[in-house]
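Presented below are the structures under discussion, each in the form of structure tokens.
What follows is subunit A paired twice: with subunit B in the first complex and subunit C in the second.
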Partner chain A sequence: MILLFIVFCPILAALAILIGAPARRTALWAAILTLAATTLVYFGGFEAGQRGFQLVSSWPISADWRINFTLGLDGLSLMMLVLTAIVTLAAICFTGEIKQHEHAFYACLLFIAGGAMGAFASLDLFFFYAFHELALIPTFLLIGIWGTGNRQVAAWKITIYLGTGSFVLLLGLIMLYRSVPEAARSFDFRALQKAASTIPAEAQGNIFLLLLLGFGILVSLFPFHTWAPEAYASAPPPAAMLHAGVLKKFGLYGLLRLALPLLPEGAQQWSTLLIVLLLGNIIYVGLVTIAQKRLDWMLGYSSVMHMGYIFLGIASGTLLGTNGAALLIFAHGISIALLFGLAGEIRQRTGTLVLTDLGGLGKAMPRAALAFGLAAFAAIGLPGFANFTGEVMVLFGTFRNGANPERFTIYQIATVLALWGVVISAVYMLRAYRRVFMGALRESWSGLADLNGNLRVPIGILIAASLWFGFFPQSFVRIVSPAFKSYFVSK
Partner chain B sequence: MTISAPTLEIAVLVLGLSMLMVEAFLERTDKRTLAFTAILGLAAIFAASFFVIPQPADPVATGFWSFYTADPLAIFFKRFALATTIFVLVMMIDYAPVVRESIPGATPQAGLGEFFTLPIFTCAGLMWMASAIDFVMIFVSLELVSISFYVLASFTRRNPTTLEAGVKYLILSALSTGFLVYGITWIFGVTGETNLARIAQALADPAIESGPALFGMLLVLVALGFKIAAVPFQMWVPDVYQGAPTPVTAFLSVGSKAAGFVVLLRVLQPFFILPQIERLLIAIALLTLIYGNLAALPQNNLKRLLAYSSIAHAGYLLIGVVSLAGEAVSFYLVAYLLMTLLSFAVLIVVARQTGENIEDFNGLAKRSPFLALAMLIAMASLAGVPFTAGFLGKFFIFDAALRHHQTALVIAGVITVACGFYYYLKVVRAMYWEDSPNETAVPLSGLSRAAMAALIAGIIFLGVYPQPVLNALNSPRETIPATESASAR
Partner chain C sequence: MSSALPWYILLLPFFASVAIVLFTKSHRGLSAAISVTAVLGSFAASCVVFASPNIRALELTWIDLRPVLYVPLGLVLDDLSKTMLLIVTGIGALIHIYSLGYMKDDSGKSRFFASLSFFMFSMLGIVLANNFVMMFIFWELVGVSSYLLIGHWFERDAAAEAAKKAFITNRIGDFGFLLGILMAWTATGTIVFQDMAQEVGRITDYPEYLTIAVLLIFCGAVGKSAQFPLHVWLPDAMEGPTPISALIHAATMVAAGVYMLARIGFLIQASPEALSVIAWIGTITAVMAALIATQQNDIKRILAYSTLSQLGYMVMAIGLASGEAAMFHLFTHAFFKALLFLGAGSIIVMLHHEQNIWKMGGLAGRLGITFLTFMVGTLALIGFPPFSGFFSKDAILAVAHEKNRAIFWLGLFTAFLTAFYMVRLVVVVFFGKARSEHARAGREAPWVMIAPLILLAIPAFASGFSFVAKIFLPLPGEHETGWLVPGLALTATVAGITLAVLLYRRRESDPVNLPLFRNGFYLNEIYGFFIKASQEALASLSAFIDRWILDAGLVRGPSRATWGFGSILRLLQVGNLQAYAFLFGLGIVGLIYFTLFR
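And then the complex of A and B:
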């Protein structure tokens, strides 16, 4: 029942706001209550180390199609919920003054948050998919109405890309549903898991490809990434935080939740393709990121680039790498949300995010400089932050797959190439930090206000979470790994 | 208590006839009272339809029951026709001032009585069509529907575009009727039967020549293609939809199309043993999908946009027909009813204040948040966003197509869905992003508001909980064995 609360608290709050409840206060309280409930589950209701799903509750929807509304958690979905709750709260705190349609703005944010919560907590294919799509129209509106820059193009692009990607994904999901024998057919993850061994290898390959394409478009897998930087650059900061931090992770979550455990042979067949594409994310998009001249575009591209590492973990085929991917999903969600939030604050004060125009803001906004520095270090993957641990696990896990001192396989080559990505991200992140915060401050900006004191709370939560799982990755792995163990042990 | 199925149509006819008679003596009273009466009467008949017990068609029946069936599909589409007519009448009440302005008459209310009564006869025709299992019956009911539409389509005759629409519809519809009759004669000539079930038996006989029957079926398909607006028989759609009075457009695009699909489902059943028909239908479906969606992209007039979108939706429905998924087609039609009627209802109200172009919807979110929300939900559902009925409709259709390995159709379907996102969201953009010089709220009557709220509730309810519709369709599980056996081959 507490899951029901977590999923519907943001959605009901959004409806209440649409009807006329005070927008900001309702949204803030909804986010706080959701976070509180999620924390309660994390520390109280959920037993780490157990296999299978916990806190399961189910309501029948369609008997003919065996669709049920089923909520439940395993370690992976629990951590996704925690991420969603934290980032939602931060996004709402980072929302500044909204000049027009304030109610609609908060309602859209909460719809995205509720959709993400629902997708991560659903144990039924149908609702897993549908909840994610709940965010589609709000995203379109958020970028279209409150965006900046080339907002119209960006809004169309993201909506059409994600809409198409979702329908490709839908085909894959229907084929998955159809591929198991009639008697075992179900939309329920657990039932599908049981029946997965009956899916023939050829069908696995086809379905995996569709899922990879569908989820890949949603996660901005190279070469389907072009919607992401533009959308994030144009979106209002809270929307970019939620989308890049949480919603985009839906595709990765889907690959970890469905594609890997249900279609192991399909994953094997297409792993080479996936590795080639993800290297496109890391190397090609990485170089593109270096060339960016605006902070928001740079952050957008960097978020595309870092998806490459998570894909690498998914492609690694080892328990270590897969755990690393899960940790990296969480860590990246936190760091990118913080970076987008801070970039929004900077734009609000200076009116520009062109890197060459900025400079010396560290003097005027020391708190912002500190927070941005920490977030940038996290994004680069400096030791101590969860990103570092995640990347290390991913790289070691991948390297270990079929390691042979005589001959490198594609996994070892991919690892070596991916390591260069760390250097690339250090280059653009540090350069951006220098351009924005160091150097001489423009005189007209000497009076710029520093971050609002209230923002200390969300920033503190985000940084603390990243540091905690950076120093104690075992506490994360202990929760998440049972979700993958059944798959890797049976292999 | 049970009611015999034909009673429903007779009740509708009696309602329509008595309205016509009473109307002649009520010169002074507000003619809208007639519409309210009709809505109440149809609602009562709708309620009564739940007392009809559906029965599978009996192949050896004679007399009346060899023309008429009361199977679940028929009962379902009778309710469908009734619900459509009720909503169309609600829209007509909103549209009455326009009719009043554009009809030259002795009294200020001239023409309104017929305007409110004709849809009831159309409804009776649609209900008969749902039950028709004999070509004679199909033809007669189709004519009843068409003739009342001839009048309705050109009702506001002072408007030249309306007149053009009416003439176009009249000529092309008459032509398609000609094709239908000619096709029926060929089929009758080969098989000696007009009853669909007995035609199927006759065709199964290897001694019979399939060529002429196929030719006859081709001609019938032309006529039905016209009704459902499938490419290449779609050229009348944009002009007629744009020119006809908007409630009539809504009626055409929902009622006429749904009836066309019911007949198509029934007529195709005996002919699906001929593989050429399947290939032909796949080609038509592909063309319809691609043409409808691509042509909708550049439209600026919302009525025209909805016309092309109705062609596009015919394409998705044809995917279901090719995949022999009667259930999926029926569900899609219900979803289509809800979302199309909702968008037309909003269009009528807004068009009275500003106009029918998409830019006339600019800033609607500020002017009338409720109307904007209603349109947003209609457009989201038409585009196929989850938690709306439109999504589940597409879901069932794609599922059926994948089950039958119609890869080409599925690929075309997914690509065209992307087009749909663009042109439907164009309306959303106008309402929410753009500003409008006009800030006055759009007046909205309580009845229309209630009707819109009901449609919104229906879209979201069926988007989450489709079971009621599925139950209504397959209580005696008659259509299922056909699809399952087909999937086994």
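And then the complex of A and C:
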């Protein structure tokens, strides 16, 4: 029941706001309640270390089509819920001033949050997909209506792109559904898992490819990534935070939840392709990031780049790597949300995010400089933050696959190149930080106000969460690893 | 017995740093007090640990995914780490106290002390780590604290650039380091040093693999200990406050590379090829940096290049398979180089942040104690008997004499250069006429800055005597070279002194001008060109492809087609985005319906 509350609290709050409840206050309370309920599950309701799903509750929707509305959690989905709850609260705090349609704005944010919660907590293919769509549409609206810059183009691009991605994904899911024998067909994840072993290798390959492309487009897998930086640069900060931090992770979650466990042979067949593409994310997009001249575009590209490491964990084919991928999903969600939120605060004050126009803001906005510095170092994988731990696990996991002192395989080569990406990310992030916050303060920026003191709370929560799992990764591994152990027995 | 005490050494500075950031940022005096108290506590705990032969620390779990990966958080407490603890906390404590004077009126004093404490935490972590992953964690944290402290005066462009350069250069080294760790881990199945030493046979069966792994790990040391070709960040790092230069960029952090190599001696000594590469990198760094130092005019830069050169000696010793000699020199160098930097700091402060030695002159009379202690440091550095540097440098040269004559002669040449550039500095700064207004008005620094100088001068003088040094660390064995090596070394030193005195006595400006040395062999310019030609060019090219081919060609094409489609839809009078989004959702629902249920 508590899951039902977590999923529908934001959605009902959104409806209430649309009817006329005070927008900001309702949204804030909904976010706080959702976070509280999620925390309750994390500390109380969920038992770490157990295999299988917990807190399962199910409501039949259609007996003919065997669709049930089933909610449940394992460690992976629990951490996705925690991430969603934290980022949602932060996003609502970072809204700044809304000039038009305030009610619709907050309703959109809450729909994204509720949709993401629903997708991560659903154990039913139908709702898994439908909740994601529910979250996607308000994202387009947020960019198209409340965006800045070239918002129409950006909104169109992301709509077409993610629409295509969803469509490909849908085809894959339908094929998946149909590939099991008639009698065993089900939308239920657990039933699917049982029936999956009957899917022949060839069908696995085809379905996996569709899922990879569908989910991949949603996560800006190279070369399907050009929607992301433009959309994030145009989006209002809370929309960018929620999409880059949470909703985009739906694709990665889907790969970990469906594609890997149900289609292990398919994953094997396409691992080389995936590795080549993800290296495009890390190296090629990394270089593109270096060349960016605006902070928001730089952050957008950096987020695309970091998806490469999560894909690497997925491609690693080891328990260690997948655990690392899960941790990175969480860690990246937090750091990128904070970065986008802070960039939004800066833009609100300066009206520009062109790097050469800024400079010396550390003097005028010391709080922002500290918070941005922490988030930036988290993003480039500084030890202490969860990002580092995730990257280490991904790199160790990948390097170990097929390791042989006589020669390197594609896994070792991918690790080497991915490691070089760590250098690349230091280059662009420190460069941007130096341009924005260090150096002499320009006269025109000398009167800038620092961050509002109230933002200390969401920033504190984000940083604390990242530090906690960075310092004590075992507390994450303990929760998440049972979700993967069933299909990585030996590696 | 397992004890929590060693953890306090590590965690006291950490808590100090956190407390300052969270609570006392606006109380600058309190922040400084917290930081100093923490380091004194660490020092006291280190002394206790040093005196307890059988002490063991509690071990915690960081990641446990056995049998694949097990990363403990454990502390290694052997002679090597215990001595390093004393060096780091002892010199660290003195420099904290000195900073009370040096940073007295700085508006970022709280930030400074928070970063300083954070540095102590990370450096002690490197010293105490019992496995590669943990060492790498603190290795990176040391990098970030160095970044923060070099960039302390971040509003200065030079400091901002130097901080960035230091971090990125170190990351390049760490790229190799982590890769080397991965290779060692996959071959031996463990990352804990002790277990790895037992499993080392599993990797020595593959000599080429081992050599590559060792050289990659060595890359980490090349970055952190500023060896050629990644040395370029260290001279620029002098943009940080001088106590930082003394602590981080002379005595402790830059020695971490040498310490790490000494810690994994079992691994590197199994690969003769890797050893010889390491020895030569050290030698090249020693000679090159000494040559550059002869032509610098900034007092801190001279000392920085001198640090590079001395680190070169240590790495040379590692490459000659004598970890003891390397650690011996690390031990003495930490004292005399910290002393020299702090002395330079007291000169700089009293001369209103003048760092050009040609604007100084005649300071011997006015800054008496600074002068005397600086002379102790100088004599130790140039290896004048019986000052400490004489013994430790002699130990390295003796090993070189035994194992590799070419390296020995280059080491001797470096000793000559060392004497030359240091005496040049002393003659120009302390003797002759004062060459600027500030130099005429200079007075001795306050006692919080002078007292650490005196306290450091004692070990800078005495730490080389074997009866002192052997309390702290195992000394390299006696070599059968008799008086030959020390005799030659002394000759080289005296020659360097004589030449410098003759050339620089009573000069108003530098009579020698060698642009090649003055500009550091133009390596910064060469690297700059190389980066522009490779990374920058690639980045611009990728950005171009992304914008005009991937995006414009592949994406905007179809999207324009959709626009066309959209204008048809507009006939239905739904021109706005909300309607499209709605239609889009409707379409998906329709699709599900038709594919599944029809």
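The criterion applied here is as follows: the second predicted complex is superposed on the first by the 489 of 491 C-alpha atoms of A that agree within 3 Å, B and C clash if a C-alpha of one lies under 4 Å from a C-alpha of the other, contacts with A are read in each partner's own complex, and residues count from 1 in each chain.
Assume a residue touches a chain if its C-beta (ideal position, glycine included) is under 8 Å from a C-beta of that chain, and two chains touch if they have at least 3 such contacts.
From a predicted model like this one, the values you see are computed outputs, not experimental measurements.
**Student:** Touch check for A:Gln193: first (subunit B), second (subunit C), both, or neither?
**Tutor:** Neither partner.
**Student:** A:Thr159 in the overlay: touching subunit B, subunit C, both, or neither? Say first, second, both or neither.
**Tutor:** both
**Student:** Classify the contacts of A:Thr148 with the two partner chains as first (subunit B alone), second (subunit C alone), both, or neither.
**Tutor:** So A:Thr148 meets neither subunit B nor subunit C here.
**Student:** On the A-aligned overlay, A:Gln268 touches which partner chain: subunit B = first, subunit C = second, or both, or neither?
**Tutor:** It touches nothing on subunit B or subunit C.
**Student:** So, does A:His101 touch the first partner subunit B, the second partner subunit C, both, or neither?
**Tutor:** It touches subunit B, and subunit C stays clear.
**Student:** With both structures fitted on chain A, tell me whether subunit B or subunit C touches more of subunit A's residues.
**Tutor:** Here the partner covering more residues of subunit A is C.
**Student:** Is A:Thr226 touching anything from subunit B or subunit C once the two structures are fitted on A? First, second, both or neither.
**Tutor:** The second partner, subunit C, only.
**Student:** Give one of first, second, both or neither to describe whether A:Leu170 is in contact with subunit B, with subunit C, with both, or with none.
**Tutor:** Both subunit B and subunit C are touched by A:Leu170.
**Student:** In the overlay, answer first, second, both or neither for which of subunit B and subunit C A:Ala63 touches.
**Tutor:** first
**Student:** From the superposed pair, tell me which subunit A residues show up as contacts to subunit B and also as contacts to subunit C.
**Tutor:** 65, 129, 133, 137, 140-141, 144-145, 152, 155-156, 159-160, 163, 167, 170, 174, 177
**Student:** Once bound in the complex, which stretches of subunit A touch subunit B?
**Tutor:** It comes out as residues 61-65, 101, 104, 129-131, 133-134, 136-137, 140-141, 144-145, 152, 155-156, 159-160, 163-164, 167-168, 170-171, 174-175, 177-178.
**Student:** Flag every residue of subunit A that touches subunit C in the complex, lowest number first.
**Tutor:** Touching subunit C: residues 65, 126, 129, 133, 137, 140-141, 144-145, 152, 155-157, 159-161, 163, 166-167, 170, 174, 177, 223, 226-227, 284-285, 287-288, 290-292, 318-320, 323, 360, 362-363, 370, 377, 382-384, 388-389, 392-393, 395-397, 399-400, 403, 405-406, 415-416, 419-420, 422-423, 426-427, 430-431, 434, 437-441, 472-474, 477, 481, 491 of subunit A.
**Student:** Please name which positions on subunit B make contact with subunit A in the complex.
**Tutor:** 365, 376, 380, 383-387, 391, 394-395, 398-399, 402-403, 410, 413-415, 417-418, 421-422, 425, 428-429, 432-433, 464-467, 470, 474
**Student:** Would you pull the subunit C residues touching subunit A in the complex into a rising list?
**Tutor:** It comes out as residues 21, 61-65, 68-69, 133, 136-138, 140-141, 144, 147, 151, 154-157, 159-161, 163-164, 167-168, 171-172, 174-175, 178-179, 182, 185-187, 203, 205-206, 209, 535-536, 538-543, 546, 550-551, 554-555, 558-559, 562-563, 577-578, 580-582, 584-585, 588, 591-592, 595-597.
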